[in-house]
Amino acid sequence: MTTRTDGRDVNQLRDIQIETDYLIHPEGSVLITVGRTKVICNATIEDRVPPFLRGQGKGWITAEYSMLPRATESRTQREASKGKVTGRTMEIQRLIGRALRSVVDLESIGEKTIWIDCDVIQADGGTRTTSITGAFVALSIALGKLYNEKGLPVFPVREYLAATSVGIVENIGVVLDLNYEEDSTASVDMNIVQTSSGEYVELQGTGEESTFSKKQLLELLEFGEIGIQQLMDVQRAALGELATKIGDKGQVTE
Amino acid sequence: MTTRTDGRDVNQLRDIQIETDYLIHPEGSVLITVGRTKVICNATIEDRVPPFLRGQGKGWITAEYSMLPRATESRTQREASKGKVTGRTMEIQRLIGRALRSVVDLESIGEKTIWIDCDVIQADGGTRTTSITGAFVALSIALGKLYNEKGLPVFPVREYLAATSVGIVENIGVVLDLNYEEDSTASVDMNIVQTSSGEYVELQGTGEESTFSKKQLLELLEFGEIGIQQLMDVQRAALGELATKIGDKGQVTE
Amino acid sequence: MTTRTDGRDVNQLRDIQIETDYLIHPEGSVLITVGRTKVICNATIEDRVPPFLRGQGKGWITAEYSMLPRATESRTQREASKGKVTGRTMEIQRLIGRALRSVVDLESIGEKTIWIDCDVIQADGGTRTTSITGAFVALSIALGKLYNEKGLPVFPVREYLAATSVGIVENIGVVLDLNYEEDSTASVDMNIVQTSSGEYVELQGTGEESTFSKKQLLELLEFGEIGIQQLMDVQRAALGELATKIGDKGQVTE
Amino acid sequence: MTTRTDGRDVNQLRDIQIETDYLIHPEGSVLITVGRTKVICNATIEDRVPPFLRGQGKGWITAEYSMLPRATESRTQREASKGKVTGRTMEIQRLIGRALRSVVDLESIGEKTIWIDCDVIQADGGTRTTSITGAFVALSIALGKLYNEKGLPVFPVREYLAATSVGIVENIGVVLDLNYEEDSTASVDMNIVQTSSGEYVELQGTGEESTFSKKQLLELLEFGEIGIQQLMDVQRAALGELATKIGDKGQVTE
Amino acid sequence: MTTRTDGRDVNQLRDIQIETDYLIHPEGSVLITVGRTKVICNATIEDRVPPFLRGQGKGWITAEYSMLPRATESRTQREASKGKVTGRTMEIQRLIGRALRSVVDLESIGEKTIWIDCDVIQADGGTRTTSITGAFVALSIALGKLYNEKGLPVFPVREYLAATSVGIVENIGVVLDLNYEEDSTASVDMNIVQTSSGEYVELQGTGEESTFSKKQLLELLEFGEIGIQQLMDVQRAALGELATKIGDKGQVTE
Amino acid sequence: MTTRTDGRDVNQLRDIQIETDYLIHPEGSVLITVGRTKVICNATIEDRVPPFLRGQGKGWITAEYSMLPRATESRTQREASKGKVTGRTMEIQRLIGRALRSVVDLESIGEKTIWIDCDVIQADGGTRTTSITGAFVALSIALGKLYNEKGLPVFPVREYLAATSVGIVENIGVVLDLNYEEDSTASVDMNIVQTSSGEYVELQGTGEESTFSKKQLLELLEFGEIGIQQLMDVQRAALGELATKIGDKGQVTE
């Protein structure tokens, strides 16, 4: 068996840092670094909801995702210059929004929209899962301010949420937290979004010109759980005092 | 436990019909009906590949998906009138293309693009999985023509591919092949794309404002396999003589 | 004199079928087949009018037209993918809307918009005239429902409306109801929209790199009338009971 | 019978002026004034043809049409600001191009595109027919330069081409050359594009919420011929020496 | 030292004409000619302001700029056809609006928007400064009507405003009012917008692949003042009676 | 006289930091911080030039500018979501490109395009001048690599280039390096781009609803020079060894 190009164990995450209060203007602002992938995650609270929700007394969370042109090895054309958002970007921003909404009590925040902006300034694989993990922290900080200002009865974040990628790489097998080089050559790629109670929120497994068996699926899920637990430890540390307010339903269990 | 609104068993598919040679112009043309969902799937063979593949001697499969404005209960604005394709459409057409590419030997067809057009003329849930199941047949017919005309050494479709949805509906539990009403109220929705050898090509499970456990995941997968097998029986019948040419690696097994 | 490629007499229409209640969701839904040309025509009733009509107590009819990418011999790029509607499409949808408005009593229906969607699933010439002929039936069915539900004092469709094409083909002369092959080689092409009282609603004659005399014009019009009468017979049959409600001002006369 | 609001006879054109060499840069440049309608028509010769004509040794004529925002009574939003061309504009530019192509020997000019730009600086009805009449002169001047420079064997314009509008106005009946006020209230509006030999190139009659009989059609055509003859006299005068080069096939005859 | 290609002195403007009441519909309409550059400047009064100003009782001035495709030596693609406005156009229209707003008492006109449309029908350098100079006259005429109709207490135009270009041309040095040929070869190009009291409103100096010293800057400004004074004389003559209403704060002084 | 809100002297810059090698992928990458304004400036070398320059053996520099949605106090809509770039952005990116081209020997780099991407992650006034100052460093680093790899005979950057803003603030007068609060209330705003030899590259002075005299202009320029000199000291320090390669024509002199 070959070893991973960056020397990691197959079930080892890359180094993770979450820097809070990264920018001064947003209600929640985080710079998350996973290996060489760096994403700025900002949360904005807006005092209204999209038209389809008006009058229901309920909030909404929506996400936008973008990459700086030179986040990547070779320069990628700006979507603003192209005049449209690519399919990949739309898929990612729908995923981020959906995932975050699953752990927030939208009724409790009233008619507000939380905008999540994930801007990848440097990319080395896993930008969408890194965005979710970082966005969870930015969102929690923003909702923490709302909670204090409005004196909400319960903290609106029900439990922790983090995301990682797992995959199957030739000559190595199942690996956790793929970097760009691994991701490019993986036959199977799976993004897992999980809560602190071990429940799945999103599971997106894809065999690009390849397939995977149920046995492989179970191994992939097992590696994912290992990563998710560690990511949540970093989230808790970054949130500081706020960490305990989040309704932790329990440990990651099977 | 409540029963399903249309009286089906929890692990029962809706009625399925696949009409081949539906339109006269396309190289492969199918009208697939799953319950009240109807999709026209056409395959077009084009004698060139996208720029990123030129000169590699390899083919490509790409898909486009659309709904007639009144495929839906209330009229949906045309994407051509809006001047842009929605995120949902992009996500679906990327999924269809990716899924089909996983069972075709792209090297064997040379520098050709197969365009798959899935046009939903009536929608009642499951339009993306129905599109994949129907598109597989249209694609196989088109590649059958190429195989005969060009005298290809092997039939370029390696194995069968079909897709279905499973989900978790309140008061009922896990169900197979959700119609629109069930889909709207399901707490978990999962699309499964599987091959005839039982391997997964895509697994997309989503809890919109909800989550699911590993135990539930395994039940969802089990129901999916039941559906996939039956869908492939209908595909085989529709393909007639061509059915045996597709390299069936084996039965759906765990 | 040469005969037509499909063996028809010069003043003979192709086979026509109009299938009503084609789809389940629209208020009026028709599949019209003229030779090998097939168009799905759906009518939707919306409870408001465009801004320029608000407050006038009057209804509106607007049409959209589209072709499936493989309605045509070779694949046509989707307008949604291009991000804009072509000039040809705009011209056709303006024509359909204008024609239908001429036989409907817009005051009597109140502030409602009837959306007409004509989706060509297979094209072999005459798609715009086939769309008008089919859309008239879909519209009448939708207005029939409104008439019954609202107890309107008079049926809002004043008279029958149908459309056909005539043209001048080299070595043959004036012909009725051109198929795609004839249309491509015709020196003159004319679309005629006429009512059951024999009045013209639209007359669009074009000599692409060619011209036509007044004598030829009169022959073209004569052939058009023959076709229009027969199309209206098929419309009446398709409408069943509703057929007699339409205020037939009289016979096609000169 | 009421008289026309501007005192004209029913079969009387408005005052017409055609000023040639209006701008310095274009190969052909004309300011045409019909009553209060003013259009700048410029012709540009480009040394290549659109992709669909390459390698056929044949030329092409294409037209673009626009109105200054304050050509109209109230300000119209600029199409450049809207980011798209309206259906009306597309219809008009397709009409202008088609009409001009019908009288030009496109083989004789080789692989060149003549761009016709019609910019309405003041509008008072009839802008599309005025554009065609003026554009014919700008085109002839540009082709005159090509004819001289390249020593073409025959002058590429086969015969004269002009356009006018006729219509049916309540309490007056059939009228020639409608101004904006008449056009807004006309029940029938018809644009006629005719050649100097009396042949029709385009005939577009429309009853907006109205219809017309064959008898009325013949009266409309008769009025049109009167106008077309007079417009061609003005064209001949404007073209000066060049006027005799245009292959006048004969007089306007029935 | 070489002389200018058109024989002018280095500090000499080209011939200037301002024709008022050029078009019939706009509230203010001017054709301004500076040498061979011709611009139609129209002013439209609209009874509302953009959203960001609503409820403040204050007016707004906004400008749009466009060139006919053959205003230029070779044909420029229409922005409406491209579906977007270029950066150059946006820069110019922002400049025109900003400049005009600086001399108008926006409070006094109430919640109205004055739309300025500058359409260049022929270009030979200096189109943006010519647009400002002409637009000032069109705007003053439109505001003159408002002043009379509404009986405003003071005329809302505080002082005169005109614009010209100056530049540095190789072998000649500093020149006033560059034509296109000079502009193309100038190493430094500066647009100056100044009021009748000699104050600057805009100063935009650019060295494209070049630079300029403070000494050169002072010479450029001196030439600009000479031109501005003469342009204001032409503006006063064009405005006739209205000329004296404009609150002339004084002479152009240093 | 009032003092500045942040306590600075009128001719004092904010704190400046330039961090080089900020990101790993770009050929030149810088994070520049001026007060609370933070911009990532990346330079990319592409091996081809835009169409209008092909075959001339000469390079090109082009710039793109963007702001993160929450770079600002309240969230700004993403240009990619709007589907178009605003006029303000276009103006700024044209300015950055033009300024940088003025100090680079484009012939010496051959047919290459240097893309400059300026992404503002936090905005507090002066984003365009900060972008130019930072982009100069990123560009120099990228060209340093080219110089070494290709063994260019001379270093292609002729001299230093930096930019700052000056303005006139009520009750204070002329100030250097305006922050957002000052910029919002300034009656005159001027951006100055200057080289190390004291020459001007761009001078853009604007009185929004205000004006300025020549005397004020001279004071503004004097303050600008003070700031530019200090900015160049920070640039030199950031460039390290490379600093001496840049052809410093001399000191900032009048």
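In order of appearance the chains are A, B, C, D, E and F, and numbering begins at 1 in each one.
To be clear about the criterion, a contact is a pair of C-beta atoms (placed from the backbone, for glycine too) under 8 Å apart; a residue touches a chain by one contact, two chains touch by 3 or more.
Protein names from UniProt, one per chain: A, B, C, D, E, F = Ribonuclease PH.
As the structure is a prediction and not an experimental result, all values here were calculated from the model.
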Give me the chains shared as neighbours by chain D (Ribonuclease PH) and chain E (Ribonuclease PH). none
Measuring centre to centre with C-alpha atoms, which chain is farthest from chain D (Ribonuclease PH)? A
Considering chain C (Ribonuclease PH) as a copy of chain E (Ribonuclease PH), what rotation angle in degrees (nearest 5) results from a C-alpha superposition of the former onto the latter? 120
Would you mind pulling out the distance in Å between where the CA atoms of chain A (Ribonuclease PH) average out and where those of chain D (Ribonuclease PH) do? 61
Approximately how many whole Å separate the CA-defined centres of chain E (Ribonuclease PH) and chain F (Ribonuclease PH)? 28
For the pair chain B (Ribonuclease PH) and chain D (Ribonuclease PH), the C-alpha centroid-to-centroid distance in angstrom is 52
Sites on chain F (Ribonuclease PH) at which at least two other chains make contact: 83-85
Touch graph of the chains shown: is it line, ring, star, complete or other? ring
Moving around the ring in the sense set by going from chain B (Ribonuclease PH) to chain C (Ribonuclease PH), list every chain once. B, C, D, E, F, A
Residues of chain D (Ribonuclease PH) touching chain C (Ribonuclease PH) in the complex: 84-88, 90-91, 93-94, 98, 101-102, 106, 190, 195, 197-214, 217, 221, 254
If you look only at chain A (Ribonuclease PH), which of its residues touch chain F (Ribonuclease PH) in the complex? 23-26, 29, 36, 40, 42, 44, 46, 64, 66, 68-73, 75, 78-85, 89, 115, 117, 119, 121-122
